[in-house]
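Each chain gets a letter, A, B, C, D, E and F, in the order it is written, and its residues are counted from 1.
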Amino acid sequence: MQTHPAKRVEIIIEAMMERRLTDALVKAGVTGFTVLPVQGGSGRSGQWSRAGQVSRAGGMRAVVCIVREEALDTLLDAAFTVVERHIGVVCVTDCQVLRAERF
Amino acid sequence: MSLLDLALGNLLSPIILSFALGLAAALARSELTIPEAVAKGMSIYLLFAIGFKGGVAVNVAGLDARLVGALVAGAVLSFALPFAAFSLLRVLTRLSPLDAAAVAAHYGSISIVTFVAGTSVLEAAGLTSDGWMVAVAAVMEAPAILSALWLVARSGQGRGMDADLWREILLNGSIVLLVGSFVIGWITGQDGLDRIAAFIVSPFQGVLCLFLLDMGLVAGRGLREARGVLRPGLLAFGLVMPLVGSAAGAVAGLLLGLGAGSTMLFMVLGASASYIAVPAAMRVALPEANPSIYLTLSLGVTFPFNLTLGLPIYLAVSRMLTGG
Amino acid sequence: MSLLDLALGNLLSPIILSFALGLAAALARSELTIPEAVAKGMSIYLLFAIGFKGGVAVNVAGLDARLVGALVAGAVLSFALPFAAFSLLRVLTRLSPLDAAAVAAHYGSISIVTFVAGTSVLEAAGLTSDGWMVAVAAVMEAPAILSALWLVARSGQGRGMDADLWREILLNGSIVLLVGSFVIGWITGQDGLDRIAAFIVSPFQGVLCLFLLDMGLVAGRGLREARGVLRPGLLAFGLVMPLVGSAAGAVAGLLLGLGAGSTMLFMVLGASASYIAVPAAMRVALPEANPSIYLTLSLGVTFPFNLTLGLPIYLAVSRMLTGG
Amino acid sequence: MSLLDLALGNLLSPIILSFALGLAAALARSELTIPEAVAKGMSIYLLFAIGFKGGVAVNVAGLDARLVGALVAGAVLSFALPFAAFSLLRVLTRLSPLDAAAVAAHYGSISIVTFVAGTSVLEAAGLTSDGWMVAVAAVMEAPAILSALWLVARSGQGRGMDADLWREILLNGSIVLLVGSFVIGWITGQDGLDRIAAFIVSPFQGVLCLFLLDMGLVAGRGLREARGVLRPGLLAFGLVMPLVGSAAGAVAGLLLGLGAGSTMLFMVLGASASYIAVPAAMRVALPEANPSIYLTLSLGVTFPFNLTLGLPIYLAVSRMLTGG
Amino acid sequence: MQTHPAKRVEIIIEAMMERRLTDALVKAGVTGFTVLPVQGGSGRSGQWSRAGQVSRAGGMRAVVCIVREEALDTLLDAAFTVVERHIGVVCVTDCQVLRAERF
Amino acid sequence: MQTHPAKRVEIIIEAMMERRLTDALVKAGVTGFTVLPVQGGSGRSGQWSRAGQVSRAGGMRAVVCIVREEALDTLLDAAFTVVERHIGVVCVTDCQVLRAERF
């Protein structure tokens, strides 16, 4: 099966910042992404879990975004302006995709 | 009923004991948890019910000139209390201005569950209150955030408020639900209430028990996680600030000439600290402030204090002051 | 009670106002949301309750020759309405045959929440209806899908139905719950109802309020997302088609000699459009059809129209026609 | 009422029919599912309600010397039954010692939903039982796990119990909720119950219906998935072991001089098998044991057997033995 | 710690197609996979979120599937026949696994 | 945008073992990780789904952990002692991260 090289960007970000991030992505022309719920985690700011939580503070989201290689920098710039002052992680992996025309 | 009887009666009510159960379970590291979706569902239910019943009460009792005064007083209180909290924090603790401002925002705002528990205590004591106190609660949610941002801006650290943040604060879930259901209750009145009373009135106390069980679990987990944070000065603040806030609430109630019930609720609003809406706003507006400080204080110290000792005290004081 | 009074009474009921609250909150971009699990939980509750109560009513009233006729009429209606909808769409809009067929499937099928709101309007007007109308609703869920697939196949585009899809359509959650709880209600009768009435009868209207709040939120978000889609022709279809469907329902009710209540419910079934089961089936069977067209029309236009203006109109017309 | 009448009345109750509906839907591969969060929410509700009501009953009836005896008897039963189950399994099946021990743990422990269904059958028959039977249920949850681990250790395969596992077993969610709400009910008594009865008493049977619907769905999916596992010997065990367990429960009830109601509940506890707490403990302590064996047996065979035929049998036997 | 090369395939697909996909995978001999819930996303067919949704239409799932390199083509062929006419994304990454005997 | 090489480790493990795994990670000095909920899956021990489940048995979690390359072995050792006797999958991918100072 024919595959095509691309980049998989995974951004783990505070739930409160999700809309700001996706708005920034869309504005930068990155209109394909998927948001996964996050159950808990740990980092420099301590350990947390969503169990029983009502407030949106203290929750995170994982945004997965597959882009052509040439779009990577635009994406990272857009993401960085949102993530900059906030906790969270940005991680890029090489990947291969089917149906390259979709990206 | 003496203050002691009152306090004991309150301590041994199912809702307080449910909170204690959750707290104990979490501190003992039991894996008991309530799913996030269920907790959110219960909080939506509680907000809808409390708003609706407040609106119906206004529909039944008719509009009241004091409502406007109370709304203004609530907004002023919410704006002003963060300054008091900030000063107190600077005296009692070594928090940075940023962290102190973030904490202060929480104490200017309110906790609707404390408010609800307050109305339960009122009911148990056979007192009534004005239905529109719910609207006052809604009005007090947000202004404190602005004061905190102003406190931070003064020290040159803040981030400008953007339109998104404005909308998020003013249209956050609790405010929309509380005000929305208040208006629906107001419009539909007793007729509307009769249609849904079996849902929003009868099971209310029971849902509140399970919700407080959940809050106990969350508070207990938070306390365990943030042991290191709770220095004596901070702990003292978490116990003293509610008294300061309630005093301010009492003044507001007296100035407005409210009855014992509403004055007590004003005290509760002043005394209580937000742990849902304000923390979320702080994560956006002041991301560098340490969330475990404000969450632990608000949910782990002040909330249980208000729930157990605060409420009976506020009731006794309000009765004394108003002669009610 | 004049039509106007009726319409106004309906508009100012807690359930309609809750929907309006959700709609307004979503359009104003409030972050208020109800968790998916809670929304699904409420829909399961509503389906179980409505099915059960229908079954009990049949148990109490005894079987009725008209039931069979009504089931057949329902199936025929669900098969036939997509053809009417398809023609109307070809006249009013420029949708491709594929999109038109997908939309048509929704209007042949039904919305159970509209049905439930219809029964509330009936109750408020002091009318009763036959318990087995719930079974008619269940029967009308699926046939429209076949008509739509046939319409597509005619234009040479469709995909063959596979066994999986058949099962998914016929055993989808709403049908299974509705028919299953109907049968349980039928078997256990008044005794069974007495045991669980405090769960499925008393709080029903209140749960419906919260569910409609959620539907308002979802509809509002959909409308915001799909602004571009709502061309005038499509909008017109979303308002005219329910009238066509309700007329067909009225004919069915009259031919079967049903009373004012059941005839009105038949009109509601004809008028309402699916937004749960049919969209899911379309994603499998006609994946190339644009979901934002059919979802926006069904949930964003026809549902609110039926809820607010449609129901009082159908009631008035049904009373006029049946003299009830 | 003859045994047959009783069995039929039980089979045609809404809760059993709801279970049957779920089972049928899952076996027919309907996509009907109840969200995990809603299922957990309902189980929390049921545990809280049953514990609370038990505590109130003790508060009202006063403490009772037999309570201590019953708690001890429950613990002994839970310790002892796994040995009986293990021997029976070695005779009837070819399970490895490891799998047999894991299954045995489930049958020494209890199913609280079976217990609840048992109280419903009692109520329908007009009998009462002692409130503290809930505490006996809680006590019986965990000891069986130790017996199973001992059985495994004997064959040289087990893993040592670590402190974490101890805590997980003793403070698992069901035990904490059951015991906690029992204590709350005991403390607050009739007053406390009056405040929340509209939540934990009236809708209880209805919630139980939906919960059993969910259990039917889960059991049905499990049976479909694990067809291969259910050899005749294993099936026989799943039907015979509850009779053995109930006989042991009957002996305990008679020795303690309990009434017909409490004796029947003791039989139910002996007969029922865990499918929530014990499977979770087994995944940690005996990860090599095959979960589809113990889950299928407990939830897919023994639970439906107890629910449908077991309960009326245990009631009839208990009445006969106690003359109640 | 000894690791072994493998492929990590991530398929983001409509919830309605999940069972068809996993059935196809199992039929093709791929019996190891994990399904993650998806909260929302954006693509050529617009932005969406699961909040408050009742219908299964309009939801997606992420299916993660780790396979030996030699099984990749079978997997992609099986996935492609299901995904073909539907929206969704297929993305392949090189990875290393522990306990290779499990794959 | 400047990125830095790192390793992305994904551990799919039984929900009952989650706390044991994260405790082991923290003990080994790995304090950054994110836990994702899992909806269902399939493996040598059969197919499963969380729908309607109450027991914690039979559920899994995905723990994602991004570390510097030199910390990988410590992480895998810590993870392996927990996963060893249990079902589950450990998979390592090369990646690039922003803000390397956070790892």
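In this section, a residue touches a chain if its C-beta (ideal position, glycine included) is under 8 Å from a C-beta of that chain, and two chains touch if they have at least 3 such contacts.
Each chain and its UniProt protein: A, E, F = Nitrogen regulatory protein P-II; B, C, D = Sodium-dependent bicarbonate transport family permease.
What you see is a predicted model; the values in this text were computed from it and never measured.
Engineer: What's the overlap between the neighbours of chain B and those of chain D?
Structural biologist: C
Engineer: In contact with chain B and with chain E at once: which chains are those? Just list them.
Structural biologist: A, C
Engineer: Report, in whole Å, the distance between the mean C-alpha point of chain E and the mean C-alpha point of chain F.
Structural biologist: Taking the average C-alpha coordinate of chain E and of chain F, the gap between them is 18 Å.
Engineer: When the C-alpha atoms of chain A and chain B are each averaged to a single point, how far apart are the two points in Å?
Structural biologist: Going by mean C-alpha positions, chain A sits 34 Å from chain B.
Engineer: Suppose each chain is reduced to the average of its Cα coordinates; what separation in Å results between chain B and chain C?
Structural biologist: That pair's centroid distance is 40 Å.
Engineer: Mark out which residues of chain D touch at least two other chains, giving numbers and ranges.
Structural biologist: Counting only residues that touch two or more other chains, chain D contributes 31, 33-38, 40-41, 202-203.
Engineer: Mind pulling the residue numbers of chain A that touch at least two other chains?
Structural biologist: Counting only residues that touch two or more other chains, chain A contributes 36-37, 47, 49, 56, 93-94.
Engineer: Between which chains does touch occur?
Structural biologist: A-B, A-E, A-F, B-C, B-D, C-D, C-E, D-F, E-F
Engineer: Using the touch rule from the top, collect the residues of chain B that touch chain A in their complex.
Structural biologist: 33-36, 39-40, 43, 159, 164, 214, 217-218, 221, 225-226, 275-277, 279-280, 282-284, 287-288, 290-292, 295
Engineer: Help me check something: in the complex, which residues belonging to chain E touch chain F?
Structural biologist: These residues of chain E touch chain F: 1, 3, 6, 8, 22, 25-26, 31-37, 61, 64, 66, 93-99, 102.
Engineer: Can you list the chain B residues touching chain C in their complex?
Structural biologist: That would be residues 35-38, 40-41, 44-45, 48, 52, 167-168, 171-173, 176-177, 180-181, 183-184, 187-188, 192, 195-196, 198-200, 202-203 of chain B.
Engineer: Under the definition above, what is the set of chain B residues touching chain D in their complex?
Structural biologist: 12-14, 17-18, 21, 24-25, 28-38, 41, 202-207, 209-210, 213
Engineer: Can you list the chain E residues touching chain A in their complex?
Structural biologist: Counting only chain E, the residues touching chain A are 10, 12, 36-44, 47, 49, 60, 62, 73, 76-77, 79-80, 83, 89-94.
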